[in-house]
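Below, chain A partners chain B and then partners chain C, in two separate complexes.
Moving on, here comes the complex of A and B:
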């Protein structure tokens, strides 16, 4: 099973790919709404992509109040 | 046919009659992604609700007891609400998107004794020290708690059953049915006390314009605690034998699926989502091969011409078969409101044969005040007053614009425990909305803004910042808004008032100070647009702001909060000449 650090790194890579930004511009504690300039609907699209990648199902409410990649990684990690 | 709501004194009685009138019709469908969680007939709904009603009664819920629900949209929301009404309780529907601290504050303010809440939300509340202050709570029911979860003093909703029949408690029309916390763009939430009569009258007015019947399917994605969905996603459909479809996820791909899977008839959505939907459709249209694109454009123009006087759903579905197929083939209308909707967006959908009923209202007025009825379609207004609504414009200026005031049986009773705020808005039976508008010769309301953020020119003309904003839509900035300068930095003078634009740019270059000068290309664009305005309407200054604008849950800019933030960090010296 991947470590939390692995999971976080994978999320950052996928987010960079999905929103077409350089990977090196993203870090774990970034507010992804601000950093990626996305709205909640776009965040849900990313969530779907992450679910497919990690083979987990994450209810919408897991994203509620979550704004940084690190916390998102923790939510996903807890379901691996 | 729908029930005659004049025969009922309270929501509980009307809903009770509905459950018996249409026993075998489907009232609720709950889907989660591509799975269907449940499908309930009206009889099954009753069978699910009565044990909950009994359980709450056994715990002490009686006539006038306050009970809150905090849940995402789902069957249990409506089942719980009915159980509360059955027992004669007062429902306090809270927004699941609020933070736990905000929910605690509202639970405390409303002094609820009963709470029905989704587990993860309760977990967040219970883990805050402030939750210890909720002394009034007698019973908490949590839904979908995992098997070995810590319940923090709650009981499982799924186990809150009783085989004993609950006692139905009737209420009068003047009794409070709900306490609904409104979210406006100015100030703290207020607890609007809405009576059973308010809701029954609103339901009659709305369904007179947009009827429901068995077989109609309403897709409920706006939160049910909000006035709109409570009415058109619960009370309206249920009192007409229709079906409400809930989605446990709001991923766009599943919303699209829901249209086709469930052949949706109606849906409400906020203007921002409508705009996104338009953007997606326009992209798909532009990706078509040239021949197909030309054919589509022709059909759209033809549909527009043939529906000039009123919608013709069957014809539109024939002409624009593929578009309507993507929406499930049964869509009659979308509803929107709550913020400005661009006329071009409304026209876009109308031309596709998907009329969007643009309306205006507020929680204090019991949901909708005005609504477009497509007779004929108007993209430039928020519609005419609903049946039973009296509307007047207070203190109109030369331009006939003034504060919108409403008198109706749907208007709230008062703000909970707040006689001062109540007296501010309810005067001589009229609700003073704080919104500004004028009525045209067809009786349609045009909204031009809110009362306090405005300027008056030297000639005595009232200028409303929101009115000016339309001219600048599409600026290459992340967000912007316009203020009366005096609204940010109040001055005790009625002369020399100016409009200023606050801009928040996309992705400034690293190291750029938050309040540095606006880039030339943007200034030029602003300047060009400014010149299209009459002299007295032009903005005179620009402020560069480096932070996201504070917004409400409905994504409206909290102008008073933004103004305060600017006032605290900047002075008029930071304003660049426009």
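Moving on, here comes the complex of A and C:
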């Protein structure tokens, strides 16, 4: 099973690639709404891509209040 | 050539690629056609009065396509198939009316959208929803009128209505219950959560999962296959296996109107419309 650090790294790479943001500008504690400049529908796009990538199902209510990549990684990690 | 181009949707009929072949059951040459209904109302194909009026035109025109054997409904909007009812319009229109006019106005809208949804649901041709991205609320309910749902990997399905103090009002609950059963309805409705195309396929909602951007192409392939069959047999099979849940649909309208009259709904709609939250679409 990947470590939390591995999972966080994969999320950062995927977010950078999908939203066309330089990877080096993103870090685990960033607010992904602000850093990626995304709205709620784009957050759902990200959620779908993360589910497909990690082969997990992540109910969106688990994302309520989650804004940083590290906490997002923890939510995914708990389902791997 | 486009048969109709409106502000919110368009439709086109084309001869199916297989139509030069003999019909499989009748043995006669067929000139079967496929209708494609494209939704294109920015930003997210919200269904309001303008979309409803154009859907009514479509439903009225549908019986005139006598040789049509398949219908594909899809979206040309990047964010997805449809985000559902136009909540901003619903709120703004409601605020202009007295309480009694508000209730009558909502009932009238629901009666009209139900007539359209029922017409598509019961259409004698085989219907396919080719969906991607956001397929929420009323958009999900439109997809549920179709016989087959083909989704690309970006598709996400949700009934977010409970967060507004409502239930889905375009016939979604009875149709989902008919197609998949009560447990799935309870999970989606009572948690308000969304799920992706893979999950939707695993529970039997989605027929085929396509690569990103390929749902329409897969739907066209499927329509070409459908067009090989005898139209009368397909229509008879559909009547046999897909009854319209009329009593529950009527009940749904009544329940929606009852809930809509409560102050909590006005507050929920106002909160949604005026929201500056990062995630207003997340239940």
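Here are a few things to note about the model shown:
In this text, the second predicted complex is superposed on the first by the 80 of 80 C-alpha atoms of A that agree within 3 Å, B and C clash if a C-alpha of one lies under 4 Å from a C-alpha of the other, contacts with A are read in each partner's own complex, and residues count from 1 in each chain.
Here is the rule we go by: a residue touches a chain if its C-beta (ideal position, glycine included) is under 8 Å from a C-beta of that chain, and two chains touch if they have at least 3 such contacts.
Just so it is clear, the structure is predicted and the values come from calculations on it, not from any experiment.
In the superposition on chain A, no contact is made by A:9 with either chain B or chain C.
In the superposed pair of complexes, A:37 makes contact with chain B only, with no contact to chain C.
By the touch criterion stated above, A:52 is placed in contact with chain C alone, chain B being left untouched. In the superposition on chain A, no contact is made by A:68 with either chain B or chain C.
In the superposed three-chain model, the partner touching more residues of chain A is C, compared with the other of chain B and chain C. Overlap of the chain B and chain C interfaces on chain A: residues 39, 41, 44-45, 47-48, 57, 59-61, 64.
Remark: chain B residues 33, 72, 96-97, 99, 118, 120-121, 248-253, 272-273, 276, 478, 506-507, 548 touch chain A in the complex. Across the complex, chain C meets chain A through its residues 44, 79-80, 83, 133-134, 153-156, 158, 191-196, 198-199, 277-283.
Every residue of chain A that touches chain C in the complex is listed here, in rising order: 33, 39-41, 43-45, 47-49, 51-52, 57, 59-61, 63-64, 67. Within the complex formed with chain B, the residues of chain A that make contact are 34, 37, 39, 41, 44-45, 47-48, 57, 59-61, 64-65.
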